[in-house]
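Look for chain A in each of the two complexes below; its partner is chain B in the first and chain C in the second.
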Partner chain A sequence: MATDQAVRPGAQPEARPPRRRSGQRTRLWGTLLALPTAWIVGFFVASMVIVVLLSFGRTQADGKPVFGRTTANYEALWNDVYLQLFLRSLGYAVATTLICALIAYPVAYAIALYGGRYKNVLIAAIVVPFFASYLIRMYAWSALLSDEGIVNSAIKGTDLGDGVQFLNTPYAVIGGLVYGYIVFMILPVYASLERMDVSLIEAGKDLYHGPLRTFLAVTLPATRAGLFGGMLLVFLPALGDFVSAQLLGGPSTYMIGNLIQQQFLEGQNWPLGSAMTVSMMVALTLLMIFYLRGTSTRARELQ
Partner chain B sequence: MSPPAPVSRRSLLRGGLALGATAGLARAASGCAYLPSETPARVKLPKSAKAKVDGDLVYFNWADYLDPSVIKGFQREYGVKVIQSNFDSMEGMYAKLQAGNQYDIIFPIAKWVQKLRAEGKVRAIDHDELTNADQVFYSGSYYNDPWYDDKSAVSVPFTVYKTGIGWRTDKVDSMTGSWNDLWNPQAAKRIFTLDDQDEAIAMAALLLGYDVNTAKAKELEEVKKLLVSQKKYLRAYSSDDVNNMARGDAWIHHMWSGDFVYLRQGLVDKPENYDFEAPTEGTPINSDAYAIPTNAQHPGTAMLFIDYLLRPEIAKKNMAYLYYPFPVKDAAPSFAELVKDVPAANVDLADLENPDVFRLLGADEVQRRAATWTEVKAS
Partner chain C sequence: MSTRRVERRPAAAVTITVLFFAWLYLPIAAVVLFSFNSVKSLSTFEGFSTRWYSDFFHDSTLITSLSASLLIASVAAVASLVLGTMLALGLDRVRSRSGRAVGAVTLMPLVTPEIVTGVAALLFFTGLSMKLSLVTVMLAEITFSIAYVTVIVRGRLAAMDPQVEEAARDLGCTPFQALRKVTLPTLVPALLGAGLLVFALVFDDFVLAFFTTGVDPQPLPVRIYSSIRFGVSPAINAVGTLMLAFSALLIVAALLLPRLFHRRSSSLDLITGGERR
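Let's turn to the complex of A and B:
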């Protein structure tokens, strides 16, 4: 029950039979929950409100961003350059999501179905490296893949060629994004595979399906929720990422995240940066709503 | 076990909102952040502190920007703790100060000294309180009256550096001593330009014969075209100049002088394969400084700390760690010795009288330059 709720927050708690509680206990829980809620409201919602308000603001002559009532920042967004950046970021994020799915699914499948008693160890082996800062891991990649780095030294050492330029290419940026976010795909897929009833696969085989058809007709639909959730969890941060492009990218791999970051630092244009942030959020929210509605409708039809 | 009694979603939200709103209001009331306010034209300079221990030192600098043994030495000698925190950009440092955080000593770049002084955010530093003041403020010193701080009233110079070009002599033999070398076809796709709005625009502006601080639309348009024309030779924009060179990804790098010295003297196996030039069209020169914020709680300890850092033997230690020259008189020869094979990476007194410094610009000028830089990087 508890896990089911965690996966589907929309599940109806009302379905449970109503129970009487002493008022005291309710108040205790209320107090305990009030603090984290206040935390979220105070620091998350309030910061969001500031960003939204600033997006209608301006920058004073002394460089200080102040609230205002201008829509100039939003008008400034209609710029070919920004559109191009957005499309480029979208392309990178889609590629990242697909590659993550292709890598994560087999990994999660192997662990969930064949991991046996090493399951938890294997999952830990995947999760633990992600405790290290994303930034550090990106630096490690650039050390690994640089022209005189470990991989290229090995290539040269075995006379396979003169080495390959990995770094500062779009592929390196996507590679960095995949490495950075793949764990968000593996875990939900693993969870849904883990929960799946393995006898379903056996049933599929009993009905004379080949392994491929069994997979497509039984396993994949049964784990679709995890896969879709994972795709969302990878796509959203990948689209807004700026670290990978900054550390592994070349002269033409600037992403929308870099653009927004620049407005808050060297650009000294917080209002414009805020307008970009708000627009991104609106666009992504709409995208997410369509996506979730689409996937949940299909899930319902298939049930 | 079933989850605990459900608190109704609405009551939870209401309670949380009330608490959150209180926190938010308190925040809004305590400072006038984000409300329009023009700074007064003249701010009275907050008085200098006496140099005496008045508590532990709250220190705010770039990461790893002083020799740790120097800081340990100060703690030992004066019996105080140095509480360190770091910033990763001047904008970040400024935002923290703006938010009211209290630091005893900060390390701003020249034009930020000018800004902080104009806004009354830093206090005066009485040179008579510093026993080693004559190391930087001797007769004829450029720092007696630097462009960014009238009579050095609020700042003491820390390091100085120039921006030039570092290259691999074992890979490239066709350098001309001009900024055009960043377009050198011999190193195509092995060239890096600093990922820094001011430095990149300045480099192109110098080539075009414009002021490094240009914010004129027409000139910026030309700067943009020039920088975009460089892309086919570029491998990337990056400010990680030391590592890009050390890892062999870069053959030619738009580079800060101190980073080059660190690379050549402190990092690589074959220093003779690395050289540095200060292009003939002019090189941006910049200084970092020590300053004491107005709201510092222990300005006396900060004065002692500055005085301590001005001691020639301490400056030498720091220079050997940082590889950036300090304008400390009796320590200068030791740096000249360190860079005797690449004198171009030194900054001597004659270099300081230089028109190519990054000045404090108005917000609209900065934003025009930022837009240019964005379009270069995005195209």
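Let's turn to the complex of A and C:
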């Protein structure tokens, strides 16, 4: 807009142009923000609001869900069966998070510090299968562990026994969750190890004598942010998962995700399903707040 | 500094890493191997055969599902690329309080468990009396993918020198011209990478598609899921192998793209956002 700049006789050239520019710009950036924001508010936020509203609704005699102002759905959730199922899901998700941390940390450590020029190739070798079909990978496990799968036929072949029933056990479901989400732990831990100054480890070895003490006093605190972030990224999807329990487990290992899915696609009690969804989100949000508070105070104390 | 550090590798960490890679690839290798089995068994390999693949290519329902999934992924990739880039540019420049609030809201789909997004989308479309179809799947997938694009593009923007755009403005460009002629071309590798990644993610996505799809045609992952529930079979192994191979190819391409443009850039820039300025 050359004309704009021409109509400024007598203005101080140092002061005016930046302000004009920033005004023009803010309008452009604001315009850019408007459409995607409207899209996300229109779809995502609005749909979340509908879930909350319907959780206070009821199912009509003809099976149609209608909005209402009853808390009956939440009261229905407050019983031993559902509470037990919720605690089970929580237990599976916590176990998944801890196992992921125990496996992911050494893997990220070995690659970041000893990967040399193969670092990127190794990380890519982890990332590629993880982002390629979650469903097929879960299927792969169920095929491997099924009664007629390779593992069981190997056991039968060696006369060790009549085979082991892997599927329908909590181990299979938790194993599936770890397999499904561990990449979300490896990447942030790897990134924080990469950013770390390795000479710190050197100094730690001189100071503390011994790799274990060095690790606990130097390496672990330096990569705390990555580890905590990774734990959150694993925990969130693990708690809401239903594919692992569906393919590798059974009714005795169902998680809250299976229950929600049943209400919407099999049981057709949408208001109850909405109440379950809202309860899960509230629990997740509370856990996240406590978690973030706890980890940030600990980080502050350490500084 | 590195010579002393490497003197003794932590044997435990290296062992765990080797075992981890074995654990990661074993089930996948089994799926691929048994997709070429000439008999129906999932535990003994009798001989090489491509019969399960030819079954797949002659199954019209599966082919319809495949093309539905390709269509959904293409539309979602293009639309979320446009919306996500607009959002990233806006968020990068609007540093006010409201800008940050918008940033937080738009990242919510990333931290929400997918089942919640799925349920919410199902209720939303039903509430609007929209018939569930491929269109509803597309709308849900676009909404979900915007955040991915935004995160990737913002990472790239953070690594960019703001003075380049300043220079274009000094040379008489309007803000929009500076954006179109300077900033966007610099973003091209990141945009292509993000597009490929979103395409692969949406093509494979099961949960959102499961909640928002109509009866016919169904996206491929939904179709596969319903056949898995009736038990494992070599035919699913063949479809699974094809899906894995196709997605792996897309993701490798997405990771390698930045290298075509800048020889020194790492293939992981797409995920880590590259070095910060």
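Everything that follows uses one rule, which is that the second predicted complex is superposed on the first by the 268 of 303 C-alpha atoms of A that agree within 3 Å, B and C clash if a C-alpha of one lies under 4 Å from a C-alpha of the other, contacts with A are read in each partner's own complex, and residues count from 1 in each chain.
What we mean here is this: contacts are C-beta pairs under 8 Å (C-beta built on N, C-alpha and C of every residue); 3 or more make two chains touch, one makes a residue touch a chain.
Values in this document were obtained by computation on a predicted structure and should not be read as measured data.
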Field: Overlay on chain A: chain C relative to chain B, clash or fit
entry: clash
- prompt: Of the partners chain B and chain C, which touch A:A143 in the superposed model: first, second, both, neither?
  reply: both
- request: Examine A:Y134 and indicate which partner it touches, taking first as chain B and second as chain C; both and neither are also allowed.
  value: second
Query: Is A:G57 in contact with chain B, with chain C, with both, or with neither (first, second, both, neither)?
result: first
Task: In the overlay, answer first, second, both or neither for which of chain B and chain C A:M185 touches.
output: neither
Task: Applying the touch criterion given at the start, work out whether A:V66 contacts chain B, chain C, both or neither, answering first, second, both or neither.
output: first
- request: Determine, under the contact definition given at the top, whether A:I40 touches first (chain B), second (chain C), both, or neither.
  value: both
Message: I'd like to know which partner A:I260 touches here: chain B for first, chain C for second, both or neither.
response: second
Message: With both complexes superposed on chain A, which partner does A:V81 reach: first (chain B), second (chain C), both or neither?
response: first
Message: Per the contact definition in the header, classify A:T26: touching chain B only (first), chain C only (second), both, or neither.
response: both
Partner with the higher number of touched chain A residues, chain C or chain B: C
Query: chain C: which of 9-17, 135-143, 225-233 or 243-251 bumps into chain B?
result: 225-233
Task: Could you pull out which residues of chain A sit against chain B in one structure and against chain C in the other?
output: 1-2, 21, 25-26, 29-30, 33, 35, 37, 39-41, 43, 45-46, 50, 54, 142-143, 146, 148-149, 246-247, 264-265
Message: If we count contacts the way the header does, which residues on chain A are in touch with chain C in the complex?
response: 1-2, 21, 24-26, 28-30, 32-33, 35-37, 39-41, 43-48, 50-51, 54, 103, 106-107, 109-111, 113-114, 120, 123-129, 131-137, 139-144, 146, 148-150, 152-154, 179, 187, 191, 198-199, 201-202, 211, 236-237, 239-243, 246-247, 257, 260-261, 264-265, 270, 273-274, 277, 280-281, 284
Query: What residues on chain C touch chain A, complex-wise?
result: 1-2, 4-6, 9-10, 12-14, 16-17, 20-21, 23-28, 30-31, 34, 41-44, 83-84, 86-87, 89-91, 93-94, 99, 102, 105-106, 108-109, 111-117, 119-124, 127, 139-140, 142-143, 146, 150, 169, 172, 174-176, 179, 197, 200-201, 204, 206-207, 210-211, 221, 224-225, 228-229, 232, 236-237, 240, 243-244, 247-248, 251-252, 255, 266-268, 271-272
Task: Under the touch definition given earlier, write down the residues of chain A that touch chain B in their complex.
output: 1-2, 5, 13, 16, 19, 21, 25-26, 29-30, 33-35, 37-43, 45-46, 49-50, 53-54, 57, 59-68, 81-82, 84-85, 142-143, 146-149, 165, 167-168, 246-247, 249-252, 254, 258-259, 262-269, 272
Task: Please name which positions on chain B make contact with chain A in the complex.
output: 2-7, 11-13, 15-17, 19-21, 23-24, 27, 34-39, 89, 91-92, 98, 115, 118-119, 189, 195-198, 231, 234-237, 240, 243, 247-249, 362-364, 366-367, 370-371, 373-375, 377-379
